[in-house]
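One chain, chain A, appears in both complexes that follow, with chain B as partner in the first and chain C in the second.
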Partner chain A sequence: MSSNIKRAVSLYSYQEEFFLKKMNLEDCIAAAAATGATGIEIVGEQSVPGCPKLPSDAFVDQWFGWMDKYKVTPVAHDMFLDYNKKKGHYWSDDEAVESFKQDIRFAHKLGFKVIRVIVNTTPQIIEKVIPFAEDHDIKLGIEVHAPWNINSAWMERHWDVMERTGTKHFGFIPDMGGFCRRLPRVQVDRMIRNGADPEIAKFVCEQHEKGIMAEYTIFEVSRMSNRRIDMAVAELSRHNTFVNPLSLVPHIDRIVHIHGKCLEMLEDCTEYSIPYNEVVAVLLKHGYNGYIATEYEGNRHIQDVYEVDSVEQVRRHQQMLKNLGCGI
Partner chain B sequence: MGPLDKYILKDDALEATENGFQLKFQTHWYRALPLSCMDFNLKIDGKEIDKNDLKIKANGNEYRYDELLELDKEWLFVLDRGILEVEQPIEKGKTYDIEFKYDLYIPYILVGPQANPLLASSVVHKNLICQ
Partner chain C sequence: MYEKYMIVPELAKKTEKGFEIGARLPYYRGVSLSMVEEIEVTLDGETLPQSDVSILINGKTYNLEQRENELDDRWEMGEVATLAIAKSGELPAGEHKLGLKINLRIGYMPFPSIRIAERNIIIN
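Right after this comes the complex of A and B.
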């Protein structure tokens, strides 16, 4: 079974092995390609020395050489706005716009067609940048990241820009972390190891699975414990939201890319907390035809007790997407 | 910050120089940051080094500590090591007790009513043999 949904891997997924120098950039690209993914996503400042400066011509040649060698395509670069790089100086909109344009130049030079725009970017800044993105044929996608969802007031303001400008170069990038029906077990277990009360953790998980609003759970936990770590467990329910995947349907044509967040891929190639089968079914039915890029982020929750195996976690995620009908 | 703190200073991090010593450090934040988003506290054998005595080196460039806040265009890549240099002679081959506090002010995660950058702080305490 195949569809028009394509599969990519964000090299961010391999951050543990990359930092520990067990894998270099080429190894990361090769590992992504070995899963059958055809697209590559990066955080520029993580993967490319010198970023945000434009990469050298030698690097660009090597980069496209790797793309050819491993038969993959540059898909997305993740941008950030470093509003407060100098103590006491908060960027003006003009400074933010200039930084954003540099990300567009960077992405363009390495062949990326999409930029993941960090969620706190204002609609005003994006509107100022859209003509520059159009000139470089790069689609901007505002990250729809928990606790926001695609129908949040913040996203409505971005939607307004999409509609008003009529541009084809600005849309949404939903992060699958917004579909956590269960709380990620790796996060909860880590907090218990750090001293959280296991009974409170169990209560929070149960409340989340019942669909109880996070604020009510947080209030209940505040009456059970005055310890910060227990409150942090309760707050997991706020930062790992679940919204109905059907919420994507009215915006399906505005979705330019998807972050396939995963924190714990099980041996059977399902994600512990995210019902990917339900979300992908909605995407398939309603004709989403972009990439889903694996973004493994579980390493930070298990690295205190386990050796991280990002390569296997990404492989399982890609296999899951394939099983669900994405890609070849 | 967490379990990866132990990798900030590798076993070869402490090195004697002509006039003193240098300490090589690596950030484990997943994304490169400019030097203006960093701060350091260094103790050697329990004695704190005056920050004004620190020189900071990155990408082949050298700066005084009082220039740090202005260095928003000098990025330290995640795989590269920065260097703190101190003009205080130490002995090659001898073991020193090093306590290094490494603060990262994350410029895109702004928190609190003043929208201050998130502080991600690590303290590494190691006995290092001077190379």
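Right after this comes the complex of A and C.
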């Protein structure tokens, strides 16, 4: 079974092993390719020292050598805007635009076709950068990450820029963490290890699964406990949203890339909290034809007590996508 | 995030001016040194002045003021830096309780990114 949805891996997924220097950049590319994924995404400032300064010619040659060797394609680079990089100074729009352009030059040099635009980027700045992105044939995608959703007020302002400019080079990158029907167990368990009340945690999980609005749950918990850690558990329900996957439908043509967030891939190759089968069914039915890039992010929640195995988590996520009809 | 790996005890040692420890940036990407808002070290419960902490990274040493103004040089992900802490008085050799707080200024986060680690380490 195959479809027009392609599979990629964000090397962000291997951050635990990369941080500890158990895997180098080539190892990460090789591990991604071994899953059968055909696309590579990076957080440039994680994978390439000095980014967003342009890498050396030697590095660029090495990079494309790896792409050939492992039969994968550069897909997306994730950029940041460090508005407050200088203490006490907030960037002007001109400074932000220049930083953004440098990320476009960086992405272009390494063959990426999409840039993940960090969510704090204003619509005005993106509008100023669009011609430069068009010149470099790079599609910009504002990341729609929980607690935002694709119909949030902030995203409506970005959508307005997309519509008004009519550009083909600006769209959305939904993060699948916006479809958490259950709260991620690895997050809840970590908070219990840090002292959260297990009974309150159970209550919050139940409310979330029932679809109770997070603000109601937060208020209920504020009456049960005055401890910060218990409130933090309640707030998990606000940060791990679930919205109807059908909310993507009117925007399908504006989706330039997708972050396949996963926090806990089970042995049966399903994600504990995200009903991927439901979301992917919507994407297939309505003709999404870009990449879904695995973005494993569970390491930070389990690294205090467990050995992290990012390679296996990514393998399971890719197998799940394949089972659901994505890629070859 | 990465609190477990912030302190690198193997690099801890006494120096003429105080002591040193190894440290990793608790973040998933590298940042310019200017974005490291705070490096706070506590030793056996005593919080030491941040102005007494220098960072050695990429072969260069930065004191607090130099670090705050360094927009180019970066602390890359997973790179072990040396923190040199000036401390007067005799530091007894042996085990000490070390605390390390690193606060990063990250543009897209509406709140400070503060990570705290603590462990017993040998400083000889």
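Definition applied: the second predicted complex is superposed on the first by the 328 of 328 C-alpha atoms of A that agree within 3 Å, B and C clash if a C-alpha of one lies under 4 Å from a C-alpha of the other, contacts with A are read in each partner's own complex, and residues count from 1 in each chain.
Throughout what follows, a residue touches a chain if its C-beta (ideal position, glycine included) is under 8 Å from a C-beta of that chain, and two chains touch if they have at least 3 such contacts.
None of these values were measured; they are calculated from a predicted model.
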Do chain B and chain C fit side by side on chain A in the superposed arrangement, or is it a clash? clash
Now for A:Leu20: first (chain B), second (chain C), both, or neither, which partner does it touch? both
After the superposition on A, what does A:Asn4 contact: first (chain B), second (chain C), both or neither? neither
Kindly classify A:Asp82 by the partners it touches after superposition: chain B alone (first), chain C alone (second), both, or neither? both
Looking at A:Ser92, would you say it contacts chain B, chain C, both, or neither? Reply first, second, both or neither. neither
By the touch definition at the top of the document, which applies to A:Val119: first (chain B), second (chain C), both, or neither? second
Check the residue A:Ser222 against both partner chains and state whether it touches chain B (first), chain C (second), both, or neither. neither
I'd like to know which partner A:Pro52 touches here: chain B for first, chain C for second, both or neither. first
Which holds for A:Gln303: it touches chain B only (first), chain C only (second), both, or neither? both
Chain A residues where the chain B and chain C footprints coincide 12, 15, 18-21, 43, 45-46, 49-51, 80-87, 118, 120, 300, 303-304
Looking at the complex, which residues from chain B come into contact with chain A? 2-4, 7, 28, 30-34, 36-37, 69-70, 72, 75, 77-80, 105, 107-108, 110, 115-117
How about chain A: which of its residues touch chain B in the complex? 12, 15, 18-21, 43, 45-46, 49-52, 80-87, 90, 118, 120, 300, 303-304
Complex interface listing, chain A residues touching chain C: 12, 15, 18-21, 43, 45-46, 49-51, 80-87, 118-120, 300, 303-304
Chain A partner, complex, touching residues on chain C are 1-5, 24, 28-32, 34-35, 37, 68-69, 71, 74, 76-78, 105-108
